[in-house]
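Report on the following structure.
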Amino acid sequence: MMKVLRIIFLKDLKVSLRRWSDLLTSFILFVLVCLIFPLTLGNDPSLLLKIIGPVMLVAALLATLLAMQNIFRPDVLNGSLEQLTLNTYPLTLIICTKIFSFWAITSLPLILISGFIASSYYVTGNSILIVILTLLLSTPSLVHISALAAALTVAIRYPGALMALIIIPLSLPIMIFGAKAIEFSISGIDASAPLYFLLGMMFFTCSLGPVVTAAAIKISID
Amino acid sequence: MTQYNLQINFLELYRNDDRIFSEISFHLSEGQHLLISGANGTGKTSLLRVICGLTIPTGGTIVWNQLATNNIDCHYHEHLAYLGHKNALIPELTARENLEYTFEGNRSMNRTSSVLEAFGLNKYLDQYAEKLSNGQIRKVALSRILLSEKTLWILDEPVANLDTSGTQFLLAEMQAHLDQGGMLITTSNLNDQTLKPNSEINLDKA
Amino acid sequence: MPDIFAMDGYGFYVWGSVLVSIAVLIINWITAHKKFKSTINEVKSFISKGKE
Amino acid sequence: MNLKSIYKLGSPPLFYKLCIVLEPWFLISSILLIAVGMYGGLFVAPPDYQMGDAFRIIYFHVPSAYVSMMAYVYMATSAIIGLIWRSNVAFSLAKSCAPIGASFTFLALITGMLWGKPMWGTAWVWDARLTSELILLFLYLAYIMLHLSIPDRSKADRATALLAIVGVVNIPIIHYSVVWWNTLHQASTISKFAKPSIATEMLWPLIIMILGYTLLFAAFLAKRTAAELAVREKRTRWLQTLIVGDKNNA
């Protein structure tokens, strides 16, 4: 069983890397959204420190949204996803593996670069670590919610706007608490409360998300 | 040694208000071949997808070894290999990687190489699937089925896109599968070459 | 009587919300009714088509 | 009432007839209740000592907000039942809930803004309840849009059912995170509609309005569900005889 999941994980990594232009687009989107605020607002440190939390989260959300449109679509089009549903292995675990590999390939680069972006927003010291930690805890939830939306809309030709309409209300708690965690740590307040919430949401979405996503996949390829 | 059998009772499928097919019933046991024929658009592919469990029928039941396929104890999918119009090859992987990605069955190396040899695929194994021609892609997808060691093969127009030698080999393999007690459901257009079926369902008349 | 409409100077807001509420509810009922009527007609044409 | 009689409700002919029979009764009783409630709320109830006559808007805001949330829970419940038993009745109910619920959400938003304008001086101050209502409206819109964009009916039913279930699990989380965020930001604003103790002559019109709105929701739902069921069952004999029978009588 674990061997099968490892094969799927590695194969998805490989395939995603060969579709590198998609990934690069979402990564560039993240960086650009983060850059556009200092460029338009001016480089006033107090202002930038105030907005970094929401900007970071919104940029991560947009990048996830863009990348996740393609998590299931190519596999549905070439028919390999329906072969996976006919498999004897539980679809939930397969989907979970797929989402995790997608997270590793789309969100990890964002997390890695977020430290640099934070320092360009004049964030210093421990707060940089909190920014990275916040993204580390919130992106899995965002990816799982987006995967559900992608699975529901996989049969629709232009799913972008509809996916946004589904994802944004559902991911609101993560956005709120993520932005607050960053804001707290910058203003010197203990940020552990929102971070614990994000951790809770991460476990919640990671455990229930794949179940619902697998059900949605089965419906969508019907 | 259990005898496998598949029983279909009064299957019907509607999409919105359009009837795709209705009152399909048949029985299939080991070594038998069922052919589903009919003109384009008569619901052959839909019927196959319903039999596989990909599409939920509006009415009727699919029973595998006396257990309905939606029963949790029914191990229908362990015995089922399906190939539709889509070849399920990932274009970003090579033909070899696509074959290895079918992680079920522990077939012998000899068998694998003889199938690939017969399809003439050996030269192309390390090419990306997106670079292969339609016929070659079909052959890779078919070798996956031939090597799967499943009992029930469900093939949607298996010989489409195949050249003569490929068709000959596939037909021989299908016959060998039936002789070993396998089961086979295929669709075909009327002018396709195919094996002589034990029973036939013609969707034109239904 | 004008007192009632003035509502302590909040007349616009109070009566505005009354009117909006009533309007939306009536529109809601009309659309539901229209939908029902058109469905019945659709079914009728479906039946007559089946008879031909 | 045993389990079997509840189970019978899943039969489309019975449910269709029930909808047709009950709808006028729901409608009439709700109109009566709303009329009484409006009279009580607008003319009988004394003005609030703090908000004056503007508080009368709550007689329209609270019932629609209540119905908007009830409709979502009802929609999700029907969706679960539909997914489990593959019942056309349940799916029709779920689908019919969405536009009605969305319009009640819209009403709650508009009346909330009309209340907020004189109270806060501006129509929108990111009050926690109103923000939650806005999110609820988006959840309804997502449901409706998803249903519209999947052409195959049974597929659309099941996909949207999943969305409704996910939404109903998320609503409390969204609501409390908005409340938490709100208390950090706007602790000073008077944002509570419900007073801890409310005078009886203020309370009874509110309860009657809530009842009236609920019955009105039931009436709309009955009408829409009947229509939806008729679309789905148009090739069945019972519906055809019912409708052709109607024609003969007329």
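Should a chain be cited, it is by its letter among A, B, C and D, assigned in written order, with residues numbered from 1 in that chain.
The criterion applied here is as follows: a residue touches a chain if its C-beta (ideal position, glycine included) is under 8 Å from a C-beta of that chain, and two chains touch if they have at least 3 such contacts.
Just so it is clear, the model here is predicted, and its values are computed rather than measured.
**Student:** Going by the contact definition above, tell me which chain pair has the most C-beta pairs touching.
**Tutor:** Most contacting pair of chains: C-D.
**Student:** Roughly how far is chain A from chain D, centre to centre by C-alpha average, rounded to an integer in Å?
**Tutor:** 33
**Student:** Please report how many Å separate the Cα centroid of chain B from that of chain C, as a whole number.
**Tutor:** 54
**Student:** Determine the centre-to-centre distance between chain A and chain C, using the mean Cα coordinates as centres, and give it in whole Å.
**Tutor:** Their C-alpha centroids are separated by 42 Å.
**Student:** Based only on mean CA positions, could you tell me how far chain A sits from chain B in angstrom?
**Tutor:** A distance of 37 Å separates the two centres.
**Student:** Would you please write down the residue numbers of chain C that are in contact with two or more other chains?
**Tutor:** Chain C, residues with two or more chain partners: 46.
**Student:** Taking each residue of chain A in turn, which ones touch at least two of the other chains?
**Tutor:** As it turns out, chain A has residues touching two or more other chains at 222.
**Student:** Specify, in ascending order, the residues of chain B that touch 2 or more different other chains.
**Tutor:** Only 17, 56 qualify.
**Student:** Which chains touch, pair by pair?
**Tutor:** A-B, A-D, B-D, C-D
**Student:** How about chain D: which of its residues touch chain B in the complex?
**Tutor:** 86, 151-154, 234-235
**Student:** Can you tell me which positions in chain C touch chain D when the two form their complex?
**Tutor:** Residues of chain C touching chain D: 4, 7-11, 13-14, 16-18, 20-21, 24-25, 27-29, 31-33, 35-36, 38-40, 42-44, 46-47.
**Student:** Quick one: which bits of chain D touch chain C in the complex? Just the residue numbers, please.
**Tutor:** 27, 38, 42-43, 47, 52-54, 56-57, 60-61, 64, 99-100, 103, 106-107, 110-111, 114-115, 117-118, 216, 219-220, 223-224, 226-228, 230-231, 234-235, 239-240, 243-244, 246-247
**Student:** For the complex, give me every residue of chain D touching chain A.
**Tutor:** Chain D reaches chain A through residues 135, 138-139, 141-142, 145-146, 149-150, 152, 154-155, 158-159, 162-163, 165-167, 169-170, 173-174, 177-178, 180-181, 184.
**Student:** Chain B touches which residues of chain A in the complex?
**Tutor:** Listed in rising order, the residues of chain A that touch chain B are 3-4, 7, 11, 14-15, 18-19, 74-75, 77-80, 82-83, 85-88, 221-222.
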